[in-house]
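Order of writing sets the chain letters: A, B, C, D and E. Residues in each chain are counted from 1.
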Amino acid sequence: MRMTEATGIFFYNPINGIQDPIDYGELSAYIKKYPAVKNMFYYDDFPWNEENILAKIRSCGLERLIIAGSKPGIVKTLFAKVMAIEGKDPDKVILASFNEYGIRRKTDINRAKSVLACAIEGVPFEMAAMPDDLPVNPATLIIGAGIAGIQAAIEIANSNNLVYLVEKSGTIGGKMATFDKTFPTLDCAACILTPKMVEVNQHTHIKLMTCCEILEVAGDPGNFNVRILKRTRRVNVATCIGCGTCTEKCPAQAPSEFDAGTTMRKAIYIPFPQAVPNKYMIDAESCIYIKNGKCKACVKACPVPDCINLDEQDQEVTLQVGNIIVAAGYKVFDAKRMPQYGYGVFPNVLTSLEFERLLNASGPTGGNITFRSQDKKGNWIFSPDSEKPESLAIIHCIGSRDKNYNKFCSRVCCMYSLKFAHLILDKLPEARVYEYFIDMRSFGKGYEEFYERIKEEGVSIIRGKTAKVEEKNGKLQIRGEDILLSKIIENSVDMVILSVGLEPSEDTENLCRILKIPQSEGGWMEEANYNTDPTGTIKGGIMIAGTCQGPKDIPDTVAQGSAAAARVIRNILNGKVSKDIDTIPLEKIENRIHELSSIK
Amino acid sequence: MPSDLPIPKPKLKLAIYWGAACGGCCVSVLDTHEKLLDIVAAADLVFWPIAMDIKYKDVEAFPDKSIDVTLFNGAVRNSENKRMAQVLRSKSKILVAYGACAYMGGIPGLANFHNRDEIFKRVYDETESTVNPEKIRPQTEYTVKEGKLDIPEMFNDVYTLNQVVEVDYFIPGCPPQSERLLEVFTAIATGAQLPPKGSVVGANEKTNCDECKRKKTDNKVIKKFYRPWEIQDDKETCFLEQGVICMGPATRGGCGVRCVTGNSPCRGCYGPPAAASDPGAKMMSAIGTMIDADSPEEIDKIIGTIVDPAGLFYRFSLPSSILGRKIIL
Amino acid sequence: MSVRVQPELRNQLIQFGIGDWNACYHCGTCTAICPLSEEGFLFPRKKIRLMQMGLKDQLESSVEPWLCYYCGDCSKTCPRDANPGELMMSLRRYLTSKYDWTGLSKKFYTSEVWELAFILLFAALVVIAFLVILPSMGYHFTKELTADGGVKVNSFAPIHIVEIFDWTMAGVVATLLISNILRMYYQIIWKKSKTKVSLWVHIREFWLLIFNFAVQPKFSKCDDKRYWLSHWLLMSGYTIMFIVIVVYLPWFQTEKIYPVWHPQRLLGYYATIGLLFGLGVAIIGRLVRKDVKFQFSHVSDWLFVIMLTLTATTGILIHVFRINGMPVATFISYIAHMAVLVPMILIEVPFSKWSHLAYRPFAVYFAQLKKYAVPK
Amino acid sequence: MEEPRIGVYICWCGNNIAKMVDVEAVAAEVGNLPNVVLAKTYKYMCSDPGQDLIIKDIRGHHLNRVIVAACSPRIHELTFRNAVEKAGINPYLFEMANIREQDSWVHTDRSEATKKAIDLVNAAIHRVRFHEPLQKRSVTVDPATLVIGGGISGMVAALEIANAGKQVYLVEKTDRLGGHVARFDLTFPHLSSAKQMIHPIIQRVENHPNIDVFKQSVIRDVSGYIGNFKALVQNGQPEPLELKFGNIIAATGLKSFDPSKIEEYGYGKFPDVVTSMEFEEILASGKVLTKHGKEPRNIAIIHCVGSRSKVYHEYCSRTCCMVALKFVNQIRAGLPECNIFEIYADMRAYGKGCEEFYAESTHRQIIFLMFDQQEKLPVIRQAEKTDDCNMLIEMDEKLSGESIEVPVDMVVLMVNMEAHDDVKDVVHAIGVSLCGNQFFIEKHPKLDPVATTTGGVYIVGTCQGPKDIPDSVAQARAAAARILATIAQGSVAVEVTTAFVNEEFCCGCQTCIRVCPYTAISFKEDKKSSEVNEVLCKGCGTCGSACPSGAITSKHFTDRQILSEIEGIMSMSYKEI
Amino acid sequence: MNFRPTIVAFLCNWCAYTGADLAGTSRMRYAPNIRIIRVMCSGRIDPTFILTAFQQGADGVLICGCHPGDCHYQTGNYKCLRRFKLISKYIAQMGIEPERLKLEWISASEGKQFAELVNEMTKAILNVGPSKIKSTLEVKHLKS
């Protein structure tokens, strides 16, 4: 039966103080054809308050109210209240929430129309907007081989389906591989990650492609054609035995990416000892031969004939895949953007990623916390021979929760900062450690308990973020307000660690463009539905997982990696994949609404 | 158990000898009571110092392999024990290490926590009743009016019989249960198929717990160890579950769980089961598992309640254990 | 004893131009970045907190808003939209109205109509005085020039009468200000306070008052020293002018034209330049709105700047016209000058923005007293 | 056992090994040892010709044991196992000696390194003599899945699996699906309608041809192991239904903390103190009224009720902060003039879009007050007649340092989410353990958040710990992925190097039972013997060393093998080269 | 005589053995006296192994497992720790110097720590001198 109850539509167009870009005029013109719609009201028509809305209900004899807009929930309670006053069912206040269905742009008008039509007819949008299915190629492309990508790859490969795991850098493992301990259990990241990396390497259904970048994705869901740029390593992965003779002989140096620039590596190098694949690669930017045409020290040293080819060129390859999972990860906030904290000016102001390496037993100092010092060539590096700091300050929320930089919370900094405090005391029991925080977000399983534990360990945990770091008498001067004690604290410390927030990785924007998936506020990749489909996208056959969707910790990332894999495996098992939601013609949705409302 | 032993033709020749022993093993033979008559009916006792007057030289004069079965009890402590072990080995068809001492070193084996010098010092100098200002020590040779006396040399270490000569079978126990002896004897006497050489006979394959009537669960988590007198035994729960160390799970059955039936924890005189070579090590491993603590300090505290692990876990088996003795430099 | 949270206070505070203080989530950055915030006198965050919770008594007994010179660093680094600097500014308006016992201050701050009406009223009175009262008393405007070729100012603005008027006005303003300062003193040092300050401390620390009035050393601690300089130029110019006009009017308002290097002229020029420079910075700042401190301008801010500018320019005009022997122009500019100056002094000094010239140094003084307070 | 015929291969690894280890000397030294048929060196053993060499020798020399001394077994053990298998030898008759990572790369004295290599190879020779062939095993997987709990996590997991065409049994304790989410009015941070979200999911679950929904039902008598579970569904009928399934997803959710335990809050005493769950329903009804039917002029929301407390629950409930922010938005919409106080400790707006939602919400004239419940809890008391409000909350406000009282007419308590106490039996039966907070313990807190130590049993959603909807949904799908992968394979490989109990020696002391973290060992009363479920066993070997009777053998790491290895190491130690 | 000690080490597969491998891949240098035996979990290490190593002539025995809480098999390392404590008490009674038996937790990233540990232990063993266990036991047997 079609909906005939007298329905009033209320267009609620403001979103965060500004008007949203949906063309409500077009919407209102469109829904006139639905007989249930009695009246339409705009937000500007009259003040939306109890009396006015009550008056409208009475004068128009409305039985149902639909609030349509980007975020109509914000006024829902007012309407429920009015309905209750009028003795009507407050459940008949229906939301046509555009935001929920990714309707953000003017061009999304057709989807807005269908969402509204569904609300009018009382049909769930999810059931009305069912895209057609396409046959699916069982091979899957996973972009990014951090822990999310690794997890997804293993899940899918374990279902006996082929996975192309494409990684931009020379090794898999992502950011997690650089960590020392993981909060709150403090188990070592390498211990738990390296077996997974080895598993990826040995899995017969995973084709690992490092040093690769996505150039173009064409085709339809279920049958994507992906063009990939395979940057040359200049070392033959198949024959390299990973002996390291080349590195010994290489005369050129560059800051190590894996060690967050805290130490130097050679131009021919392996990102880190446990890298997968455990094969060497050449950094064209620092290689003397590539720059000057002379050197070849590595070629001469290599015991395997023809393993190193310095003149090798990048290649392009094309893959056919049915599903794509994007796990492009994050980058950390550039602390130089907040000059008040002195990063890049004072050598012993560190970012959390640098400190993570400093703490790491396999890092530049073997896990000793030492001052940054200059090597013979003047590079600022960490060396195990430097002095040890006696006092350290950790400043939370650098670049996060700040309208001047990133509004969002980076979700992991509180916990890793607490972890830092613990590890510092572990390694330097006499050290004084200060944490400056705003809100302590220890929300996960075992996190609050960890926070309590750190509090008892003698760390000065100070509510109140500091504003700047200055140098005075060779010490770093920090001024902050201890809010709970109503005091100004001026501490002079030896080392400052900036708990930098997370940002979408450099490639996120480009990938979104290539894959045609929208970005949320803050630049993260946008999920299909915030609540019910956090790993899907509006594009059929394209899933997102991990921190490219938003900041998250390791367990949540792993869960998303698996979750994205679930949809892929399901598609493969069914032999079909849905087309993009956008591809369904409005008429088709209308027909389906009609059909569904008739059944009822 | 058979009431009458069939008499083999010709009668078996049986020898019983004691090394470093308390005599309990010999008594265990007597403890067969009226069955002893059956034994005697089936076998001629050719050598048994406790019961018969026969000289070593007579034994040495026996032809080789003329004794069918020798039950050797007691550890090898001195040159006399050793010599007799070698003699009996050559004279016997079947040499049985009879009882815990011959089998594993037994209680005399605890002397391996010391060496000869320490023991002599204690015995000949330090014991409260000793007056020995010249610090005289036993001599292996001593000349008296009548001539030269050969006194057996006490070894530095206590040995199991097996560490001195090849042994065919082992009958464990301190002392072995007489019923078990009868079973073994019957088997030999009836000419039944004997187990492979080196086997432990007169005992079970499984450990004591198998026969133990006490209630056992998986609740073996221990916060404190008690010595038997420190706790009111409830007489029905597994000793380990009460925190009392019982060697039952690492000790061969066969004794009829006599100690535990008498409400005393097993101390392991029957030796290790077939699948475990060193019962002390196995038991320490198991006991370690049961300690209910994860922090080093707490573990230390709990282990502190095990007063003398070496003496406890190796009460009957020190000389046969992996380390065998205390290392004294 | 616990204090009651008063959300209603918001309705009062909001009239003083206070923005949305609820945006503050208490990160503490503002207090940390502020070089003036110190032990015992924490702001801006803590004051924002009092506003959020509507703790009226605590707010009114606060000395901290006066210790803030609005460099804007807090607002610049504020991670939310709280704008602490502006909140402190607004709080000063609120406090000014609270110190004022007449209630006029609140009227002026919260109602543009009231403020404009009073300005116009005083201006009208001045005009009437010059056009009606003084002539009726026999002081007429004359086109005659002095021997030097200057305008005879005393003819229409007789020095002794103007002086009496100046002194009266100064007296009124001083009475109002002093009574307000006493109220301020009561609020900050005495009311509901659990501590007391000895008389000796009062005397010992008095120099701070003078020193701060003269130099604003606190302001100079703000990171951007230019603001302090322009403010000091403005302030010193204004003070010189004020003293010269009120105390030494006979020496200043002369008909004789002194040489350029004469102290009378030099002082006048210095004061004028100082004023104009300071005003220029303020006006351009408020128009360009680049710096945080100038981004939010209350009506009272604009009125003050405009009136001071008008006063200064009319003053210059008087001077120029007078020495160049332009009687009519001098007459008109003199009236205009007085029509701006009088309402400015009478309204701005005791009731509005200009009152900070007294409240600030006193606040520093009171703050210092509080440091030496002992339990009662 | 046939006589061992051992082939030993020593890898040069280019110069990596050969530079520091005299590989030829090693080969010469071990070549004459008993059972060693041949000892060869080769430049790169892992290369294809290297592997072919082994294969050829196995065939040509009838080798039945192979040793490769090269890099770490973590790198190439699998490679060589595959190679020997190709030649027809059981892969477990292969052993590797690590003479690169643990020898040539870490030592500087060539003679010492060579001696060490000889020792290590000798150890491998000793060990490999006692190796036994082991068979790779797998169990078939029943494609049906049991989902316990019909909340959003359970339903999402069920749909994901059912939509892949596989059978799902969904068992729900109550008479309706939807769980907590169905009782919510709106969701944070986008304030979309929870009901509009959950209803289509319920509909799909109920109408799905591949999902059998059992409402008002409980599961009992679960038995079996991965791929092959069975259980009874009891739903009021006299005859319980037996189900067979290959995997289990526990999505049993959590329940609200009972705040009447906290005296200070007066829940139960003051009618206008309500819990967050009650307030959801109040908001949905449109009637935000006090018990006297009046519109409240002051509403306070108290966070962390029962959470982050040493007395009640130490953990954070993860969602309450955002729910509270949702509430204040809703209250503001319905009661524009109402004073809203939010009494919180740390605002945990960590989710995507949540900090932005927090920032946005601060503009709705909310008075945020901070408390420290470890110091002092706020106290709610009845107001006096003169107070113009219903109740007063006294508290120490931390951001101002003041002791304040807050006038309120209605108080919403953001109650903690705590574990159900009635699910423990079920989970214990399937071998899932509970953590100190009574949540189910995941297999690994980082890398395996949805699996448990019992193969085939998954935990999703809030039964693993409090979490919000997107995180629950992600977990539900994650479990579905794992299950779909095993179903797709049709079977799962189980650990080869498991432990097994020799019944002949087991005396039934039961020391081993608690040793196993995977509950793989059980005591069989009839046999008076322990038994290892080799499907559950992960092969750590801890039980093997715990058994006082020596009845448990850890395959491929038997006492005999390891003791021989020790002997092998030591047998050459005093030899000079 | 130039004393070359032999140390038998039992390393768990997941943390310690990987850590020892890392010492190799990172080309750390340590004393060549150690002989590593891989077990899946430190919980597998039976006192029998330790005692046998001593009996066979080892001058020291080193046990390495995952750090507490890190065990790949959840709790095996705790069981190892408890057994180690008990066996330590036992070997002390048996006259074996405490330096000869050592338990350390080594994670997969602690290659450096592993190298240092080996060097330290080697040094400690050099200080206590050769083990007399084997020679004592060798003279003990009378049979042959």
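Convention: contacts are C-beta pairs under 8 Å (C-beta built on N, C-alpha and C of every residue); 3 or more make two chains touch, one makes a residue touch a chain.
Note that this is a predicted model, so its numbers are computed, not measured.
Shared contact partners of chain A and chain D, listed by label: C, E.
Graph distance from chain A to chain B, where chains that touch are one step apart, equals 2. Which two chains touch most often is answered by the contact tally, and the pair is A-D.
Using the average of C-alpha coordinates as each chain's centre, B ends up farthest from chain C.
Centrality annotation: D (chain centre taken as mean Cα position, compared with the mean over all protein Cα atoms).
Among the remaining chains, B is positioned farthest from chain A, on the basis of C-alpha centroids. Note: centroid distance chain B to chain D, computed from Cα atoms, is 51 Å.
For the pair chain C and chain D, the distance between C-alpha centroids works out to 68 Å. Separating the CA-averaged centres of chain D and chain E is a span of 32 Å. Centroid to centroid, with C-alpha atoms defining each point, chain C and chain E lie 82 Å apart.
Residues of chain A in contact with two or more other chains: 185, 187, 278, 401, 403, 439, 463, 483, 486.
Of all residues in chain C, those that touch two or more other chains are 25-26, 46, 80-81. Shared interface positions of chain E, i.e. residues touching 2 or more other chains, are given as 18, 25, 27, 46-48, 52, 72, 79, 83.
The complete set of chain-chain contacts reads A-C, A-D, A-E, B-D, B-E, C-D, D-E.
Across the complex, chain D is touched by residues 1-5, 7, 10, 20, 22-26, 46, 49-50, 52-55, 58, 80-81 of chain C. Residues 4, 6, 8, 13, 17-18, 20-21, 23-25, 27-30, 32, 35-41, 43-49, 52-53, 56-58, 72-76, 79, 83, 115 of chain E touch chain D in their complex. If you check the complex, the residues on chain D that touch chain C are 298, 339, 341, 347, 358-359, 362-370, 394, 397, 399-400, 402-407. Listing the residues of chain D that touch chain E in their complex gives 72-74, 98, 100-103, 105-109, 112-113, 115-116, 119-120, 123, 453, 497, 515, 517, 538-542, 544-546, 554, 557, 559, 562-563, 565-567, 569-571, 573-574.
Contact residues of chain B toward chain E in the complex are 76, 82, 113, 157, 159, 163-166, 277-278, 280-282, 284-285, 287-289, 291, 293-294, 296, 299-300, 303, 306, 308-311, 313, 321-329.
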